[in-house]
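This is the structure I have questions about; it appears just below.
In this document, chain identifiers A, B, C and D correspond to the written order of the chains, with residue numbering beginning at 1 in each.
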Amino acid sequence: MDIGLVGLGKMGGNMRTRLRNAGHTVVGFDLDPEKRDVDSLEEMVQALPSPKVVWVMVPSGKITQDTVDALGELLGEGDLVIDGGNSRWTDDQAHAAQLGEKGIGFVDCGVSGGVWGLENGYALMYGGSADDVATAQPIFDALKPEGDFGAVHAGKVGAGHFSKMVHNGIEYAVMQSYAEGWELLQAVDVVDNTTEVFRSWREGTVIRSWLLDLLVGALDEDPGLASIAGYADDSGEGRWTVEAGIENAVATPAITAALYARFVSRQDDSPAMKAVAAMRNQFGGHAVQSAKSSGEPGPEPDLA
Amino acid sequence: MDIGLVGLGKMGGNMRTRLRNAGHTVVGFDLDPEKRDVDSLEEMVQALPSPKVVWVMVPSGKITQDTVDALGELLGEGDLVIDGGNSRWTDDQAHAAQLGEKGIGFVDCGVSGGVWGLENGYALMYGGSADDVATAQPIFDALKPEGDFGAVHAGKVGAGHFSKMVHNGIEYAVMQSYAEGWELLQAVDVVDNTTEVFRSWREGTVIRSWLLDLLVGALDEDPGLASIAGYADDSGEGRWTVEAGIENAVATPAITAALYARFVSRQDDSPAMKAVAAMRNQFGGHAVQSAKSSGEPGPEPDLA
Amino acid sequence: MDIGLVGLGKMGGNMRTRLRNAGHTVVGFDLDPEKRDVDSLEEMVQALPSPKVVWVMVPSGKITQDTVDALGELLGEGDLVIDGGNSRWTDDQAHAAQLGEKGIGFVDCGVSGGVWGLENGYALMYGGSADDVATAQPIFDALKPEGDFGAVHAGKVGAGHFSKMVHNGIEYAVMQSYAEGWELLQAVDVVDNTTEVFRSWREGTVIRSWLLDLLVGALDEDPGLASIAGYADDSGEGRWTVEAGIENAVATPAITAALYARFVSRQDDSPAMKAVAAMRNQFGGHAVQSAKSSGEPGPEPDLA
Amino acid sequence: MDIGLVGLGKMGGNMRTRLRNAGHTVVGFDLDPEKRDVDSLEEMVQALPSPKVVWVMVPSGKITQDTVDALGELLGEGDLVIDGGNSRWTDDQAHAAQLGEKGIGFVDCGVSGGVWGLENGYALMYGGSADDVATAQPIFDALKPEGDFGAVHAGKVGAGHFSKMVHNGIEYAVMQSYAEGWELLQAVDVVDNTTEVFRSWREGTVIRSWLLDLLVGALDEDPGLASIAGYADDSGEGRWTVEAGIENAVATPAITAALYARFVSRQDDSPAMKAVAAMRNQFGGHAVQSAKSSGEPGPEPDLA
C-alpha cells in the first residue's frame, strides 16, 4: 500500500526502509532536505492515493500537535492518521476528536525496539476503532517482528500509547534492577569478574532477558563501564507512568525508584542532601563537607 | 563420576535425574525413606570411591550446618563438599574453614532454574579454588544448560552464593517491575485485554524476558489472577541482598521496594497505617475507619 | 474590617469565629442554611462596603472554580478575592487572570492548623501582589498564631498554595516516619510499653514535634490503636507534591513512600502482588495463597 | 552520688559537666590526658565507693567491647555498668551476660540531644532490671530535661538502645522529609524566599518541630546552603533500623529512602547509573555522557 511518513529520524528512517523492504510505497517527509522524498507535507499528501494513510513519527508534544494540525487541513473524509511517536496517551483522544471532525480516522501506535527494530521488527501496540486498525493492518504487519508476538490491538484510541507508556515504565524499573545488582556485585570483594557472572546469567536463570543481553554487550565493550558517566536522562514516559499511577492510586515504587535514581544522577550536588547535612551539623556538631571539596568528612565529634 | 547427593526434595530430586541422565552415578540420601537411595549419610559416603564428592542440597541455615558437621566427620583429606543450597554467602567461608581443617575441599554453588531446570538445565554460579572447581566440573557440566552460558566460576569461596544472592535480588525487582505495570494497565479503563498486551511484549520489545513469558503463562491460566491472593512470601535472599547493600553503602531502592511490597502483602492490617490514620484524626478531624470495617471512609470534614 | 466568607464548614466556621473574636465583621455564606449569615452570594456581596474583600474557603477544584466564576460576576474594580482553600497552585494564576480582567485582585492563601486553629491560630502562606496582600493583611493578622511565626508572604500568586502543598508533602513523610518507627518498636519483643517510649520523646530528643505530640495523644486514647484500621486516605496535596517533583526532576522518595503506603493501605488485595505470586508459582513451584484465604502459605517446595 | 565516666568527648564531657552541676561526683577517664580526671580505668574504679557505678560513653563496637571487658575485670558483685553510647541493641544482651557472670549489673541507655543536651538535658531511654535502673536513677534524673518527658525505662536490657535506634531511624526520615520539601520549594520559580517560608512554619503548622527550627537556624547562617556540600554521612543507627525492619518483615520505606539518599550523596559517580546509561545506549542509541564530562547530553536521536 501507499504510506505517507512524516519524520525520518533514526526511527522513522529505519521504518521507511523496513516498509519498503516489505513492498510498500513510502512517501517520506522530514524537515531535513537530505532525508526526505518530497519537499512538503502538501506534496506528500498529494502523492498518496485515497484513502490516504499517513504515519506520523515526530517528537511528542508541540511538533506532533503541529503535524496533526497540518494534516487536519490537508486530509479529508476517510483518510487516516497513525501517530507512531511517543505521544502522551492523554493527548490521543484530543487528536482523534480534532481529526474526527473532518472525518479523518486516527490510530495511536506505541513502538518499541530501538535501533534493532529495522532488522528484528518493531513491537507495536495500537489503539483505535476496528475499521481504522484494519486499514493500517498492512503497515503493522510489515513493521512487526516475525512470529506470534509483537503486535496488539490494545483497545480504543489511547490504548496504544498507554500500553507503550506502561512498557517503558516497566523498562525503567527492569534496567534499574540489573543496575543495582551490578553495583552490588562490584562493591564486595568476592567475585573475580562481574562481567562473566552477568554473562552466565543469559541462560538457565530466572532473570534472563534481552536487557540483560544488552548489558552484557555493554560490559564487553567496556568491562568496568569506566568510560560511561553515571548519568541517565529520561524521556518522559517514565514520568507519565508514575503520574498515571498517582492519578489512579496505584503504587509504583520500583518504577518510581528508577525514575528518581535518574533525577539524582543528573545533579552535581543535591539540595536535599545539603539540607540534611545542615541539620546534622546543627544538632550534632557533625562535620559537614564544604561544597565541592573532596575527601572524607572528619570524624564524628559527638562521642569520645 | 560418582556423586553423593544429600537432599532429594523438588530441586535435589530433579538434579539426581539430570545427573543420571548424563551418565553419572548418584547415591542420594534424604530424610524421607521413599526418596533416598541409601539409609544414612554414612552409607552414602561408604558407597563413594575416593576422592569422594558430595553435593549438599538442603535448606540453608541449621540443616546445612548440621550436614556440613556430619560430613566433616565422615569425609577426609582430598574429598570435596559442594553446597548447592541457598546458603548465605557469609556462611561459606566458615564452612570452608571448618572442612579445610580436615583437608576436605569446599565449593559453594548457587543454582537457578526452578522446576524448569530438569529439562532446560540449571544456571550455576560457583566459588572455590581452581582445583576444587576442576574436581566438580563434570557435575557442573551435566547440570548446566546447553550452550555458551549458564555456568560461571565466579571467584573464591562465597562468590557463588553471593552471585546467586544478587541474582535473586535482581529477580525480586524485575518481578515487581512487571507486577506494577500489570496493576497500572488494569487500573485505567483504556486497554481492552491486558493479557494480550503482555503477550504481545514477548517479541520485539525492550522488556522481553523469561519472567514475562512466565507471567503470560500465569495470565493464560487465570486471566485476571482472580484465584491468586496478593500475598507473596520471601525466601531470604532478597533480604540478604538488601542487607549486603546496606553493609556496603550501596543503595538498592528497586530491590528494596520489591521486598517491602512482599512484607506489606502479608499483613492483614498495617500498624504503620494505623498510626498515620490516628495522626490524621488528631489534627484534622479526618474520619478514620474502624478496624476491620469495610467501605469507604466518610467525607473530609475539614473544608466546607 | 468587613469580610465576606464563602464556605462555613469546620475550617470556615472556625475562621469566622476567630475573625469575629478579633473584631472584624464577617458576612458568611454557605450552602447549608443553618450555618450561613446571608442567603446568597449576591446578598453577601451587597452587604460589604467597597473595596469588597471576600475569603473563599470551599473544596478545591470545581466548587472553587464555580465560586470564582460567580464572584467574578458580582465583584468589580478594586475588590479582592482570597482563596484560602486547598486549591492546586497551578490553578491560582488562571483565577488571578480571570478576575484581573475585571480589575479584581486575587491572593491565594494556604492554611494549616486543622481543628486546633480556632484556638491557636492558623499558619498562613499567601501569594499575590504587595498591594493585594496589604489589603488582606488585617485578616491574616487575625487568623495567624501569636508570636513571630506562622504567616508569610511567600511570593507572587500561586506561591501561597505552592508553599502549603510542599508543607503537606513534608507532613505526609513526617507522619510516615513516626508510623514506621511505631510499627518497628512494636514488632520486636524488647520494649515493654511503646506508648511510654513515644511519650518520653516529647522532650530533649531530636525528633520532638507537634505530630509526635498528636501521636502520643492518639496512643493515650487507644494504646495499641486497636480500634483504628490501617487505612489512610489522601487529600490531593501529597499527590500534587510528588507530581511537582516529577515535573521539576526533584526526587522525593520519602514523600512518595508515604503516599504509596496510603494507596496500598486502601486495597483489599494488591493486583501487583497477585502478579508476583503468580510468577513465583510459575518458576519455583512456590505455593500461592488462594484469594481471600487466610493462614500461612505452605512450606517452600523447592528444596529438600 | 559517685559516678565513674569513661569517655570524655563532646558528649561525655558535657555529661560530666551536667552531672557535676547537679551535685554528683564524677571521676572521668579518657584516652586524652587533657580531658581526664584520672590516668587509668583502675584509678577511676578505685576512686569509687561501692557499689561502684560506671557510665560508659565511648564509640560503639570494638571500643565499647574493650571497655566492657576491662570493667569486667575491675568491677565486682553489686557494681553497675551503664552503656550510654550508641551500641547496637543486639550487643547489649551479650554485655549483660558477660558482666552478669561476675554479679555486675548492666543497663543500656540511649541518649539523644546532641550538643544542646548540656543546657537542655538529654533524652534518655534505658533498659535493664528494675533494681539496676533504680541504682542509676539519680544519674538519669540529673541528665534528663526538666518536665514530664525525656526519660523512659523502656524495658529489659536492650530496650534502651533499641528505642534509641528507632528514634534515630525516625530522625533520618524526618530530616529527609524536610530536605525534600526544601529542594522542591527551591526548584520552582514561584516562592521568593524559601527561608522565610520555612521560618513561618515554626508556629501554627502541622509540621512544626525542633528539626524544623534547626533547619531554619542553618538557613539563617547560609540562606541557600551554598557553603555546605550535599554530602551526608551516616552513623550506623539508620542502617540498624532498616536491618531490624527487614529481620522482622517490617517495611520502612521512608527511613530506607533517607538512608539510601545518604549513600548516594557520597558517591562521585554511581555505578548503577553507569549501567543504566550503558543499557540505554545499547538499545536506543541514546547519547551517553563521557565519564566526568560536564554539560548536557546530546539530543535524543531515536525520533525525528
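One rule holds in what follows: contacts are C-beta pairs under 8 Å (C-beta built on N, C-alpha and C of every residue); 3 or more make two chains touch, one makes a residue touch a chain.
Values in this document were obtained by computation on a predicted structure and should not be read as measured data.
Peer 1: Using the touch definition from the top, list the chains contacting both subunit A and subunit B.
Peer 2: C, D
Peer 1: Count the C-beta pairs in contact for A-C and for B-C, then report the pair with the higher count.
Peer 2: Answer by contact count: B-C.
Peer 1: Taking each chain's centre as the mean of its CA atoms, which one is most distant from subunit B?
Peer 2: The most distant chain relative to subunit B turns out to be C.
Peer 1: When the C-alpha atoms of subunit A and subunit C are each averaged to a single point, how far apart are the two points in Å?
Peer 2: Each chain reduced to its C-alpha mean, subunit A and subunit C end up 35 Å apart.
Peer 1: Taking the mean of the C-alpha atoms as each chain's centre, how many Å separate subunit B from subunit C?
Peer 2: Inter-chain centre distance comes to 43 Å.
Peer 1: Residues touching two or more other chains, restricted to subunit A: which are they?
Peer 2: 114, 176, 178, 180, 183, 187, 206, 211, 249-253, 256-258, 260-261, 264, 272, 283 - these are the residues of subunit A that touch more than one other chain.
Peer 1: Can you list the residues on subunit A that touch subunit C in the complex?
Peer 2: It is residues 206, 239, 242-243, 246-247, 249-253, 256-257, 259-261, 263-264, 266, 272, 283 of subunit A that touch subunit C.
Peer 1: Would you tell me which residues of subunit B are touching subunit A in their complex?
Peer 2: 89, 112-114, 117, 120-125, 127, 144-145, 147-156, 158-159, 162-163, 166-171, 173-174, 176-178, 180-181, 183-185, 187-188, 190-193, 196-197, 199-212, 241, 244-245, 248-258, 260-261
Peer 1: Going by the contact rule at the top, pick out the subunit A residues touching subunit D in the complex.
Peer 2: Per the touch definition, subunit A meets subunit D at residues 6-13, 30-31, 57-59, 85-86, 114-116, 175-176, 178-180, 182-183, 186-187, 211, 214-215, 217-219, 222, 225-233, 235, 253, 258, 261-262, 264-265, 267, 269-293, 297, 300-304.
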